[in-house]
Structure formats: structure tokens, C-alpha cells
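Below are two complexes that have chain A in common, paired first with chain B and then with chain C.
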Partner chain A sequence: MTMATRSWLVLAAIAFVIFAAAAPAVAQQANSVDPNAAAVKEQQLLQQFHRIQGLGSIPDTKSYVIEQPMGRVWRLLHEVYLHWFGTILILGLIALLLAFYFIRGVIRIEGGRSGRTILRFTSVERFTHWMCAVSFVILGLTGLNITFGKDLLLPLIGPDAFSRWSIMAKYAHDYSSFPFLIGVLVLFLLWVRGNFFTAVDIEWFKEGGGMIGHKHPPAGKFNGGQKALFWLIVLGTVGVTSSGLFLLFPFYFTNILGMQIAQVIHALIAICFIALIIAHIYIGTLGMEGGFDAMSDGEVDLNWAKQHHPLWVEQELGQARTTAPAAGAKATTPA
Partner chain B sequence: MARMKFLCDADRCIECNACVTACKNENEVPWGINRRRVVTLNDGKPGERSVSMACMHCTDAPCAAVCPVNCFYTTADAVVLHSKDLCIGCGYCFYACPFGAPQYPRVGNFGSRGKMDKCTFCTGGPEADNSSIQYEKYGADRLSQGKLPMCAEMCSTKSLLAGDSDIIAQIYKDRVAKRGYGSGAWGWQTAYQETIES
Partner chain C sequence: MRPFLAACVATVVVGAVGYFILNSIQEPAGLAFATDGARTNPSWSWRTAGTRPGAPQCEPRRVWQWFFVDLRRPNAEPRICSDSQ
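On to the complex of A and B.
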């Protein structure tokens, strides 16, 4: 045996002793109780349930959820997608209306005003409409403030003033929801009978509502577009108020996931609603001559009525309920 | 500067709630508000674990991102704090927070939640360090005195660790290596996008 082989043997022997000593220790540990064997694992729980919930010892049951990474999804929806969606929809619509205004121009009363007027909306209808309008503008602006205020208004007025304004805006938002809801309910009852779609409306939509070109498709008291607006407002109101109820009474009816869903639905419908109402405001004021009269003093010019709602005028004149002020009287100029 | 974090070693937590009590006492937290709470998972079943949870002072904090008035800020020690003067109590931070940390002093109907309150890592708030107004609004400011959060300091089994990320992660790693098991650093993946390899 050489010196080298002898030293190798010694090393091998030492290694053997070490392994022999270690082996029983490993075996022993495998036999003992592993306190970790059944232990709950965070990643496993998250994959199974998407949130980790247990049992706590304080009355606040919300606190029993210790982890809900879904908050990140909500953050993404609220901070990224909602911002983009809202910006594109509202600015896009305003651009579209401006383009329409400059290309098509104001929709004039053909042949000018006749000087004779006809009652289109009663004082009750007008009051309710303006109650909805004022509360909607408050709701819309304060709602947009919650999403866009920190980007648009905060840099202008500073954090302290913006915070004070936002607290007021939040209360205004919560309380003006009630006159809005009541107003829409009253208008729904007043106008629902005239707003069922009929064969006349198919014709109206086929001709693009007379907005493109200069034709005047037939319409009763409400034309196809107004009926569509009516039902969209009814649907939108149901959407925002029902989701808003969850937000007004947080965690009364649902858990964290329900609150997140309610907020996303509320914001999405509200943005679409705002876009719809911007279009409605445009056609009711800038876009059409004589249209605003219907909601200011309720008396519209007969020529306007014949042009836009011929079937309704026929019906009303047939019942001989027109008001005919003296020729040349300008008592009913638009407000 | 340190990167302050909490780490709850669930294999050590005995659900004694001393951290909860210590927090409430140290910060004079109002009735109904729990900046920290202990939740038991799989209660009464094999493999039951308890986790003490509060604000984890996330990296790229979701609460700060969704706040409509930008009332949150992050200190040099990476502690996420907020200004109660700016908070409007909208509740959005609670929807975004992965850990349910934000608390509100009132029930919350009709948007009257009051000013949000949450764990400050015993760092107070934007008022002057250790001033009475700071204590009244935000609770204790131990960090500026060189002390760690009361909850972790009081933990009887040293399950709850608070301090610099690298140091507490190393303590936890050593524990796992020595005892041979560990149910993980709860919330670290969600809060900091990292886990402690054991």
C-alpha cells in the first residue's frame, strides 16, 4: 500500500463515520411529528380562494379577511382603465359634437318661427326635469371629481383646498342622489306611455333621425331618439342608484368583493350616463333652434313642432287645444 | 435608511392578542378601531395557524394609488403614512388595501366614515415628531425615538417581527433553517412582491 492509497482509505473511513452518524438522525426526524405537515400555506390559500379569511376575536367581521390581493385588480380598474375609458369617452363625444356642430350646424326651424306656440311640457314636467338636471350636474361633477379631481383640480388649488372641496363634494353627491332618483321616477310615470317604440320609430331611425341630411322623419310627441334616450336614462338610473345604494351603506349588504364590484359598476355606468347627458344637453341647447323652449316655458313654436313632431301636432290640433297669441306677439321668445 | 417591514411568523403565533392590546394602548386608538388584529385560519383543525395582521406598508402602496385626494406619503423608512387633515373618508383605500388595514371611526352610512385611521408603524403622522397634536391624531411616534413598533416589541413569542427588511428576513430564515419548517412570510408576496426562500 502506498502512502496515497492509505490516506484515501482514512478519508473514506472518516466520511463513512460521519454519514453513519448522520443517517439515524435523519431517520429519527422523519419519524417524529412534523408540525408543518398540515399547516395552512399562504400561496395555496390564495390560489384556492383568492382571499384569505379566518376567524377573529373582534366584532368587526370585515377584519377576518387578512389578505385580498383582488384589491390590486380593483386598483387597476379604477386607476388605469376607468381613467382611460372616461377620458376617451367624454373627450371623444365632445369632439364628435363639435365636429357635428361645425359640419351640420344648428338645426334651424325651416321657414322661421311662426309666432304661434303650442304647449309641449307642463310646469310639473318642467320642474321635475330641472330637478333631475340640477341634481345630475351636481352628481356628475362631484363624481368626476373623485376620479379625475386629483389630476385636474388638485394641482390648481392645492391639497388643502382640494380636500375641503372634495369633502363637500362627497356629501353633495350622497344627498343629491335622492332628488335625482325621485325626479327620474316621476318623469318615468309621466312619460312612459309616450315612450313605447312603434313602427313610426323604425322609419325615424332609418332616416338617421333627420340629423344627417335635411329630411324630417315622422314622430309623435317623442321621436325615436328621445325614446332611446328615455329608456337609456331609465336603465342608467336603475344601474347607478342600485350600485350607489351599496356604496351609500358600505358593507351592509355585501363583503369586500361586492363593494369593489359595486364601485366599478357605479363608475362605468356613471361615465356612460354623463356622456349621454352631454349629448342630450347639446341637442337641447346649442344644437337645435327652438328646442330649448320646450323646457324653459314649455311653449314651443308651431313650426318647430310641425318639423320635428308632426304626428303629435296633428293630434294636438285635432283636439283643438292650441294657444294662439295675437299675431306679432313675441311673448314666447326663447329664454 | 432602513426598509421597515412587519413579518408574522405564524408558526410561533399563539393568538394571545397582546399585539392588538399593545397597539391600542400605545396609540390610544379610539373604540371600534383596530389597527392590528389576529386572525386564526383553519380554526380548530389540524394545521391551524394564527396571523397578526396590520398595515404592511406596501411597496407601491395601493391605498396611495387610489386615494382621490392623494393624502398618503411614504417616509424615508418606507413607512406608508397619511394626513388626516386631507383624508375625506371615502373608503377607497379599504377597497384597494390587500390587508384590510384602513379603519374608519364611524359606521359610514351616507359617506360619514370620518377620517381614516391605520397602523403608522408607530411613526405618527405629518405633524411635528412627538408633538401632542401628532399623538392625538396618529398615536405614538416611537420610530423617531429609535424604538420599534409596540406590537412587535410586546410579542411574547417573538412571532411578530418589525424592523429593517433584511434583518427580520434573516431572523426568519435562520428560524426556518433551525426548526426545519415555516409557513412563510404572510403577505410579503402581496405587499412587496417577494418571498423569503427557506
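On to the complex of A and C.
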């Protein structure tokens, strides 16, 4: 064997060793397409980056987000926790009101109706109140449909009718937000002056608003409870309106995560709002004799007014005496 | 009860104004999220899907139909047209 031949043999041996070492790695790469392993990698990616996002060529930049795992958290909140929260709050409140109704009963006008009435709310105030009320009922029912409709209504009316109703409800929800917001704004301007808390209201709260027992704490045109309701409605409206804007204009102000957060905030505030208004409706109708007159006719019985808003009656009658004697309260046929 | 009835009418009127305001601000999804090169065909998005080729196209609902929730089927179009709109 010549020197040259020996050299070729050594080179060939080295080459064989190199290829032999490299071959298993290549073979391993070719066999590494394992769907399960790929899923693990994707999960790791999601954990690390919170979303999988690529590049696109259409203006719809939101479509570049391929996966957003926070959506699952949002779905859990929307489909599970929100249901529990809403059910417990709304049904719990209704149960409390029923218990209160059966234990305390209707809050009667002590001494009965006097037959004399006093103007409590003007036509403008009642119009604005009812505009808020009508639109709120639409908003509330259609909003509850979004959260609970799939569980409560769909099994009853079937998918076709539920789809149709839900489309209508969605549009009604969007458009009735306008009269509601305008109504609350006008009511705010009309009533804000009379709704600042004073020392009289502290006394009113200390007495429990006269709900328990038959003692009636002093109150002006609006008592402590009504003032609390007023400010809660104002705050609630700011909350649902600002969060609702993110939903009414999807992707205008924020991305999908922002909209998910806005939806949860919107729903939470709205459910609290609905519970608050249920209590308001109860006390304004079933719970108190003569209370509804304030919003139906605008005039309330003088005895009712003296019982629940004595400081306001004194003020009104005092003003009436100074401007026009014998005015202020007018006689009507007792109901 | 006149303020109540007036409030009901006002709610509808203000809601209608809201409809037009929203429509003037927002673009239809078919235009907003596409380009000339990759345009979503609005007539398709109004759900011709489900109808056989050659079947009459669904007629998109008018503004007033949406507002008054009038989802009847004009021109005897197939039921899928109402269901999908």
C-alpha cells in the first residue's frame, strides 16, 4: 500500500466518522415532528408572550393576533363568575325586598290622605325621569339577555327565535343608551343642587331612614337615601357609559384585551345598577303609599310630604305664604 | 301620565338619532377591515350563503326596518335572509 493510498484511506475514514456522527442528528430532526411536542412549545410561547401575533397585509390589524389566551379568562368571567354574581345579587335583593315587604309591609301615610296636594316634581322633571326609566328598562332587559339569555331564554324559545330576539336586543341596547345618557345628564343638572349631603342626612341615616319602626327622620326635598341613590346613579352612569363606549366602538380606543376588561367592568356595574333600580322601583311603588304620585301626577298628598319630607314642606309652604297667601298646597278630592 | 308618554316617544326619537349618529361614525365591517385588493363583498356578507346558486339574493334591510325591528321577508325571499340579518 503506497503512501498516497494510505492517505486516501485515512481521509475516507475521517469522512465516514464525521458523516456517521452527523447522520443521527439529521435523522432525529426529521423525526421530531411530534404534534404533542409542538403543542407544548405553543403553550410555552403563549405563557411567555401572552398572545401569538403575526404580520398581515390587510388594514384589519386586529386580525394579526392569532391567539389571545386572556380570552379564556374573560370567557370564564363572563360565562361563570358573572352569572353567579348577577344571580346572587339580583335574586338576593329581590328576596330581601320580599322579606322586607312581608315583615314591614307597606309604609302607609300616617293619618291617611289629607285631600290636599303639593307639587313635588314638574312636568320636565317627570318627563326626564321617565325617559331615563324607559330606556333603562330596555337597557336592563337587553343587557341581561346578553349575560343570562343563553341559559334562560334559549332553552325556552329555541335557537331561531332567540337569535332574532338577541339581534333586536343588541340594537335596542345600543340605541337606547343615547336617551338614557341624555336623561341622566338633564336630571343631574335639574337635581344636583338639592342632592348635596348635609347634617340632616346624617340624622336620616342614623334613624335608618324611618324604614324600621314608625319614626320619620327629617328630610328636605330629597332625603339621605334619595341623595345616595342620586349619586350612585350618576356614578353608575359614568361607569357604564365610559365602559360602554369601548364596546360601542370596538377597536377604536383599545385592543381586544381592553375590550374584554371594559366588558367585565360594564357588566359588573350594570348588574349593581339593576339591583339598585329594583330597590328604587320597590320603594317608589309597592313599598310606600303615595310615593308613586310624585312621578305619575307630580303632586303628592300633603300628609305624605309632611311625613317623609317635612323640611321641604315647611320651605315650600313658607315660600308660598310669602309670595301668595293661601297658595302652595291645593285641595283635591281624597283618593 | 303625559310626561310618561312623551318620554316613550322621546326615547324612540333619540334612539333613532343615535342610530344615524352611530352609522355616520362607524364604517361597515366589510369596508373597514378590508382593502380594494382584498374586499369582503358586502352582498355576500348579507348572507347569500345557504341559498342555492341562482337563487334570488337577499335584500339588505332598510334603516327604518332595522329601527322598527321589521324583519319581514320582502319579495318572498328565503327564510335564511331574515335569519341571517
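We take it that the second predicted complex is superposed on the first by the 271 of 335 C-alpha atoms of A that agree within 3 Å, B and C clash if a C-alpha of one lies under 4 Å from a C-alpha of the other, contacts with A are read in each partner's own complex, and residues count from 1 in each chain.
Simple rule for what comes next: a contact is a pair of C-beta atoms (placed from the backbone, for glycine too) under 8 Å apart; a residue touches a chain by one contact, two chains touch by 3 or more.
Fair warning: this is a prediction, and the values are worked out from it, not measured in the lab.
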Scan A:189 for contacts with chain B and chain C and give back first, second, both or neither. neither
(Q) So in the superposed three-chain picture, is A:260 touching just chain B, just chain C, both, or none of them (first/second/both/neither)? (A) first
Review point. Is A:54 in contact with chain B, with chain C, with both, or with neither (first, second, both, neither)?
Key: first
Counting only touches as set out at the top, which of chain B and chain C does A:99 meet: first, second, both, neither? neither
- prompt: In the superposed arrangement, does A:235 touch chain B (first), chain C (second), both or neither?
  reply: neither
Partner touching more residues of chain A, chain B vs chain C, is chain B
Exercise for review: Answer with first, second, both or neither: which of chain B and chain C does A:171 touch in the superposed model?
Suggested key: both
May I ask you to decide whether A:149 touches chain B, chain C, both, or neither, giving the answer as first, second, both or neither?
first
Next on the checklist: Quick check for you: in the superposed arrangement, does A:249 touch first (chain B), second (chain C), both or neither?
Outcome noted: both
| task | Mind working out whether A:75 is in touch with chain B, chain C, both or neither, as first, second, both or neither? | result | first
Chain A residues where the chain B and chain C footprints coincide 57-58, 60, 63, 160, 163, 167, 171, 174-175, 248-249
Given the complex, residues on chain A that touch chain B span 29, 34-43, 45-46, 52-58, 60, 62-69, 71-72, 74-75, 78-79, 145-147, 149-150, 154, 159-160, 162-163, 166-167, 170-171, 173-175, 248-252, 256, 259-260, 263
Within the complex, chain A is touched by chain C residues 1-4, 6-8, 10-11, 14-19, 21-22, 25-26, 32-35, 38, 66-67, 69, 71, 82-83, 85
In their shared complex, chain C is touched by residues of chain A numbered 57-60, 63, 123, 126-131, 133-135, 138, 160, 163-164, 167-168, 171-172, 174-179, 182, 248-249, 296, 298
Chain B residues touching chain A in their complex are 10-11, 17, 20, 32, 34, 37-43, 45-51, 53, 62, 65-71, 85-92, 94-100, 108-111, 113, 180-184, 186-187, 189-190
